[in-house]
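This report refers to the structure that appears directly beneath it.
In this document, chain identifiers A, B and C correspond to the written order of the chains, with residue numbering beginning at 1 in each.
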Amino acid sequence: MPELRTEPLVVNFGPQHPSTHGVFRMRVVLDGERVVDVEMAMGYLHRSMEKLAEERTYTQNIPFTDRMDYLSAMTGNLAYCLAAEKLAGIEVPERAQYLRVIFAELQRIANHGMAIGIFLNDCGAWQTPVMYMLREREKVLDLFEMTCGARLTTNYMRIGGVSFDIPEEFMPQATALVEELPDRIAEYEGLLLENEILQARARDTGILPADLAIASSVSGPVLRSTGVAWDIRKADPYCVYDRMEFDIPVGYQGDNYDRLLVRMEEMRQSVRIIRQALEQLPPGPFKTDIPLALRPPVGEAYARIESPKGELGFYLVSDGSPTPYRFHVRSPSLLNLTPLKEMTVGQTVADLVVTLGSIDINLGEVDR
Amino acid sequence: MTKLIPGSETAARIRAALPDAELEEAADWVVVDAPHLVAVATFLRDDPALDCRYPTAITAVDRLDHFELVYYLSSLQRNHMLILKTRALDHEAPEAPSVVPVWYGAHPQEREIYDLMGIRFSGHPFLKRIFLWEGFAGHPLRKDFLALPGGQKPGLAHFPKE
Amino acid sequence: MTPPGPLAPWYDFRDLSNAVERLLSWLSDIGPDWLVYVVSAVIGGTAIFLFVAATAVANIWVERRVVARIQVRRGPNRAGPWGLLQPIADMTKLMQKEALLPRAGDPVVFLLAPILAFGPALLVWGVFPFGKGMTFVDLNVGVLYIIAVTSVTTIVLFMAGWSSNNKYSLLGAIRVIAMLLSYEVPLVLALLGVVLFAGTMSLSGIVAWQHDMRIWLFLVQPLAFVIYFICATAEINRTPTDIAEAESEIVAGYHTEYSGIQFGLFYAVELVNAMALGAIAATLFFGGWWLFGLDRWIPGWMIFIGKVYLIYFLLIWLRGTLPRLRIDQLMAFAWKFLLPLALVNIMVGALEVLLWVEYDLSAGLVLPVFSVVNLSLAVLLVVGWMRFMAFPFHRLPSRARLVHDIPVVAPGAPAGGAA
């Protein structure tokens, strides 16, 4: 029987596409509906933040860190402030540390709500889960606005503490949110996780083996979904995480469904942490006085946190001047994209989009 | 807490396994010379006591007369971290061996360093610019890109009130 | 179907054809026969066209409001009271946009595709009995006509995708052909079950059978309804089977390159097709204009339109709540699940009809028995075949496992394998 002559189809999932989570381009070679090769092209949102940061003082660089991962600005601020404090040897008061933990976990809830909703949007549920998840995100963003004036690019943390103390209406509203959230999360789990079509789409697709994940510097929910129990809040605690009781959710085989499970459960654990932090919040100062042009001693420092996307680290090198000599961001979204080809080759186009959605990248962080 | 393995201990272990690698020790890190980088990296990954299978961050710093490549490596199972450095000595056309055969996570990070710093990695399977387009003149994160002669930064010569 | 005898007063709007009959009888007195024929065709055609256009416009509003309610939001409420002028705003916006024409594609086919897509959507409405005696053309092969006309959509969507000169459209077009072809087969077999019992393919005949037997064909052939509903949802490319225009994957599939009123036509076709699905289901399975004698007080056509809108609501409900299936899952579902079920349904239905005719049993005795048998058979078959075919996802864990402490290997102990 003669061989059927086929030609691979090269499709550009171009920078403008409803599902690439930003301006991200994938050059996909398809054989019918099967993916044969994926080549990623990024850099459409490259704003040269690392170069710009070398011209500005350490405090002036804090707004840059909001705009890298613009959907979780609090954690970006936090990682940078920890790195600068480590470099300069600055102590943070306890109240500020508790506030940092509260806002980082609130940011995690907001981010995961959005991530799960958008993942289901990629699976084809026309924005219905997004609308449900955004209800809680709106309440979290109201808390942010009440405290620091901004919803998205918060610019809240400062080197040595936080910029504003929480106002009076914060505690009752935050407590109400924390009371209401576990029921909501249970509602979302009941609505979403047992759905047959979602399981047929998300199980056994986009599988990432654990050893490939480790070799590829994958971190965050993607790494935990493969079965590796690694969370920087437990392994290398910063702020006051060592005083908090919480668990870390771990998946089974690294497919898209496991990432969904891990993110759902992380929202619940964040609620636990926020509840404990709100109870234990001590009075006191919320920032330390640092000079306007902070001159850290010559040296280098690397500080990392568990951001909602993964391990976010800042590598700062100082030469004694008010501006950093080198400002490098260890971006979790860029490194989580490393095994994308191995995760999607052999599956269909539909799975490629769903897998990309489940990794939860943020182009501001990938490109910086 | 993640333990940062001091430079002396790392250097001692590397010397025990690879005696002919030229090392410089500092308090927190070890500097290895470029020809032995891949061998040292492979040893650090495969040694059961060090077990650095997770490359946390790979980056480069422009030190005005040479480039310094910094490798932050960790072990998830043992929860420790160590810092490895190497130097690319030629400032005009720097070269360094690629550690992609050792850790796959170096793939995008080395492309980024090539793109923004200009260090060519020999042995990298896909060394193309990652953020900027092919044909971009120069490498932006070098200190002499858009800078005054001598690598001095324009602007912010002194900060008011300090 | 109108009984002969004195004509009812023309203002009796329970049967809209009364006015038309008056006019036609007056015309036949004064003019030649062909004039009567032409006038009746023009009136009927215009009425159908206006009805379809009106529902297409109204359904924009209905769909957006209902989907919004499912999504915990309000939907359009700015343009006019309760957003009722929103469809007019949408249509005006689409009409004044530039209708782009890809230069490298096939411009003639590109322009023809939306017009030809609207054709079957309009043609299929000609055979529905809107009320007793209110059918535009009472074909005695009505069911066959419906199936034939709706299959034309397949080639039209492929025309749209191919002529756009766009790889996304091509992917959408390929998916459309594969899916529509494979869902035709169980659809036809499901409708065959209905025809077996009614004994006629004429739509008004099927409604009359349901009227005479005082039973809905849905109760006699529940499996056929379920199979028909799923297959028809796939035929009109609605979620959960809308892979042809899957927005999140291939931008907009076969209508990526269309803008302006051409896109508006595709959108209207989707809405009209959804109503047509409702109309077919209402006529064949739920009795059309007949509702257990209620049509003495409420006009039959109102009951019919009400049923159509109820089924349309069901379609919107599915769209708002379910995610999308993948192409290979859809094909497997059609060929391996729906087709065997449809075949079994026909076999059992034919056996039942044979027993009924052979032993000359009375309908009042036999039909309830058949209903019960068919209902239980439907439930058994669906559940049993699902057990056999589908992957037991419910046995896999559906919550993440919680770890309290990071497992750290002591410095002296040997490290394990993967993490």
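The rule is simple: contacts are C-beta pairs under 8 Å (C-beta built on N, C-alpha and C of every residue); 3 or more make two chains touch, one makes a residue touch a chain.
Since the structure is predicted, the reported quantities are computational estimates derived from the model, not experimental observations.
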Category of the chain touch graph - line, ring, star, complete, other: complete
Of A-B and B-C, pair with higher C-beta contact tally: A-B
Chain ID, smallest distance between chain and overall C-alpha centroids: A
Distance from chain C to chain A - Cα centre to Cα centre, in angstrom: 43
Whole-Å gap separating chain B and chain C, where each centre is the average of the chain's CA atoms: 62
Intercentroid distance (Cα basis), chain B paired with chain A, Å: 25
Residue list for chain C, restricted to those that touch at least two other chains: 406-408, 419
Interface hub residues of chain A, defined as touching at least two other chains: 214, 228, 230, 235
Chain B residues counted as touching two or more neighbouring chains: 76, 79
Contact footprint of chain A on chain B as seen in their complex: 1-2, 53-57, 59, 61-62, 70, 72, 76, 79, 103-105, 107-109, 112, 116, 129-133, 140-141, 145, 153-156, 159, 161-162
Chain C residues touching chain A - in the complex, by the definition given at the top: 67, 70-73, 167-168, 170-171, 175, 239-240, 242-243, 246-251, 319-329, 391, 393-394, 396-408, 417-419
Complex contact set, residues of chain B against chain C: 48-49, 51, 75-79
Parts of chain C lying in touch with chain B, wherever the complex brings them together: 406-409, 411, 414-416, 419
Residues on chain A engaged by chain C in the complex (per definition of touch): 9-12, 17-19, 33, 120-128, 131-132, 135, 189, 193-201, 203, 209-211, 214, 227-231, 234-235, 247-252, 258, 261-262, 264-265, 348-351, 353
